[in-house]
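A single structure is presented below for examination.
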Amino acid sequence: MEDKNRANQSMLVMKEGSFTAFLKESLKGISQIIYIENTITGLLILLAITVSSFSLGIIALLSAMIGTLVAKIGGADRTLIRQGLMSYNSVLTGLVLQTFLTGPTAWIVALVGAAITAIFTATLMYFFGNVGIPILTLPFILLTWFTLLASYKLEGIKLSDSLSPQSLANWELHIEGKINLLQSTFNGIGQIFFLTEAIPGLLLFIAVFWASTKMGIYAVIGNVVACVAALALAGEHALILLGLYGYNAILTILAVSVVYNTKENRYAPITGIVAACITVPLMASVSIWLLPLGLPALTMPFVLSTWLILGARKILPNI
Amino acid sequence: MEDKNRANQSMLVMKEGSFTAFLKESLKGISQIIYIENTITGLLILLAITVSSFSLGIIALLSAMIGTLVAKIGGADRTLIRQGLMSYNSVLTGLVLQTFLTGPTAWIVALVGAAITAIFTATLMYFFGNVGIPILTLPFILLTWFTLLASYKLEGIKLSDSLSPQSLANWELHIEGKINLLQSTFNGIGQIFFLTEAIPGLLLFIAVFWASTKMGIYAVIGNVVACVAALALAGEHALILLGLYGYNAILTILAVSVVYNTKENRYAPITGIVAACITVPLMASVSIWLLPLGLPALTMPFVLSTWLILGARKILPNI
Amino acid sequence: MEDKNRANQSMLVMKEGSFTAFLKESLKGISQIIYIENTITGLLILLAITVSSFSLGIIALLSAMIGTLVAKIGGADRTLIRQGLMSYNSVLTGLVLQTFLTGPTAWIVALVGAAITAIFTATLMYFFGNVGIPILTLPFILLTWFTLLASYKLEGIKLSDSLSPQSLANWELHIEGKINLLQSTFNGIGQIFFLTEAIPGLLLFIAVFWASTKMGIYAVIGNVVACVAALALAGEHALILLGLYGYNAILTILAVSVVYNTKENRYAPITGIVAACITVPLMASVSIWLLPLGLPALTMPFVLSTWLILGARKILPNI
């Protein structure tokens, strides 16, 4: 009986009427990257990505659809699928692989990566469900790292030349460079989706404010606070300008102060700002830790900082 | 009362009659490496190892006995011991350390390693028991990595010269080389036990088919599928020929499609083939990730690919 | 109602009478580093640290107070705070960052690090609480590694020149050097607190014996056994003399044979000695594993060896 239901459910995807539903679920997969379950926000984000690069836009939409489809075929809980929670990691994987890979097979690898990310999302959901902690963007991060490393031994996966593994013994720090806080802020939100231009940044802010003014304000605060912290700790100005010290802070402050907090966490707004600041040294550490392998930090600093607080709250309920 | 029972149980090991039982348990420890609880299969595997190298055969049997003994002294559940589940990791540790180490103390290190692996098996069984996921060969993998690294700082543990740590910045990929799919297949099953010859490979296939035709067929399929995937992704031909892209796939397809699946997982055969293919990029990634330390990937790709599916099944029951 | 209680509790810290209580809790935070809940032991350890370096003594006390304060503000369980269990990791972080960092901001980083360690302690307590395994010194270890790595990319965090990342390919082992077992023993207990002199070592032994003769005797045994094991495995004599093969063994044998064992673990004294020996190859492995990043092993070998046994005991109750 249950089996039959599931079979029907799979078939429903193909029906005409439900294609709109399927598209909506996929767009929610895009908006869930910033914790928002909203078709319009998803559409605005997709627009921001497409404005920056047409092919990235296509990959983003296809990855969302593939992630949703894998979850459906696998028989995931319908509510999870409908909220876009099974596919947002697939979108990120598709985007990042399309950005970092090159050659004629790049888009195949990106889309296969998006499909495996949907399976991996389920795996980590199960493991972390046991401890009651959200998986955030971990599936996308780990799958991307594995795929980028695999390229060194498989000619079928071709890296664009933007990765450069380097021995830490040869590392030298140069922090000089121009700073423009406004530009850093737009780049900060853009970097969540691997974008670094003003127009897509603006569209992304609109996408967030459309869904929730509170989230929009927190996003700006987290971003600015992290840039100031990075300046105070004397980080590289070039990276601050590119928004690379801001995107983790945005995701973190939203998670800590808006999405995963309860009434009990009375200092949640302050904790969110502290957590946003903590992403700055974490970004530095994770980058150095990955230096010998030449991997990008992605949103790992956000994941670590957010888990730090969400886990600690079970023992320190006030924060 | 319970204490007394345990004491008696320990003494029983020494009694004459129970030595046969003890030997059977140890042989099952050898067969459990490929999920089989069968004395004859264990004996055939031991024969395959001994044909390839007499000293490896001795170490394999002694490691199985040591692992079983440690579990008995520690007071492990008798059923677990009887099924060989407490000692298969010890066998693998003994084999790999004997292979990678040299000097007069190599066999002592191998046997002490086998003993500690039995303790470590218990540790990980407890940790993973909480999430309901099998530990597979993780104890052997981690213990081997730790031991090989320790050799750099302790002259008492001597590496044979087969390890060569290398900076990723200096890495160059050359995929050229001959390919022979039949030879790759025999080497693939052999590599599970660190063997690379035709006769031992043949004996190992007989050992699997003896216990279960279904498992034998899946083993062949997984092996061939992975070799084809490695060719399609343009991996190094020399490694494919050595069976290094096959052994993880065999263990993975058996775990996913034969051993740990339930009726609910209706796509289990297809999922097994997909999981076997996923071991190929995983093998590449894990190797590159370990390159700066010069460590072998061992069966880590199998462990990761199998956990990916077994965890995901709790959320995606169809796969 | 509960909220009000917590508010009152926070205010109490400020009251005159309770400052003594607060100081006691902080001193217990210092003594808990070696599993002891005893104000006098805490005071003796603080004295040992201060004798070695006045500024380290100040940092130790301030870190303990900060850790305790963060736990109070966060609303942690009062019993945990009173026993010093929320702050001992903060003390270690303060000490190690003050030791490894330099420049005018070093002490600020050390104290902020101590504060974040208290939050991180709560996080890991929650995660490990689920599996029933103590967190030991893990929060301090991970936070220190992250902070030291961050220094490479943030000029505001300045490393003293004692770290030197090195490619494993260039590593050469030289074990020659003088050995003095008595000096090694005093250095061994000192290294727990990053000290390497005879007088502080002596004071630390007094601190342990004051609280428990049994613990004192085990500390000596663990230390000596590990030094002998390191000699037998032919480790670098210079490191043995500095106590670097001893401090992990002390913490491990105390954990395994005195603190976390139950009546059921009938071989606990022997298991403790085995676990102390296992810290020796673990120290070697962890050091080599961290070599490319130039990080110190800290008490990671102790954590791993202790978890090995504590986890295994759930399956092997006799050990």
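Per-chain residue numbering starts at 1, and chain names A, B and C are given in the order in which the chains are listed.
Definition applied: a residue touches a chain if its C-beta (ideal position, glycine included) is under 8 Å from a C-beta of that chain, and two chains touch if they have at least 3 such contacts.
Everything quoted here is computed from the prediction, not taken from an experiment.
Residues touching across the chain B and chain C pair largely diverge in numbering: under half of the numbers involved belong to both copies.
Rounded to a multiple of 5, the Cα-based rotation taking chain A onto chain C is 120 degrees.
Separation between the centroids of chain B and chain C, computed from CA atoms only, is 36 Å.
Contacts with at least two other chains are made by residues 130, 167, 292 of chain C. Those residues of chain B whose C-beta lies close enough to touch chain C in the complex are 3, 6, 70-71, 73-77, 80, 116, 119-120, 122-127, 130, 145-147, 149-157, 164-167, 292-294. Contact residues on chain C toward chain B in their complex (touch as defined above): 130-131, 133, 167-169, 171, 173, 175, 230, 232-236, 266-267, 278, 280-285, 287-289, 292, 307-309, 311-319.
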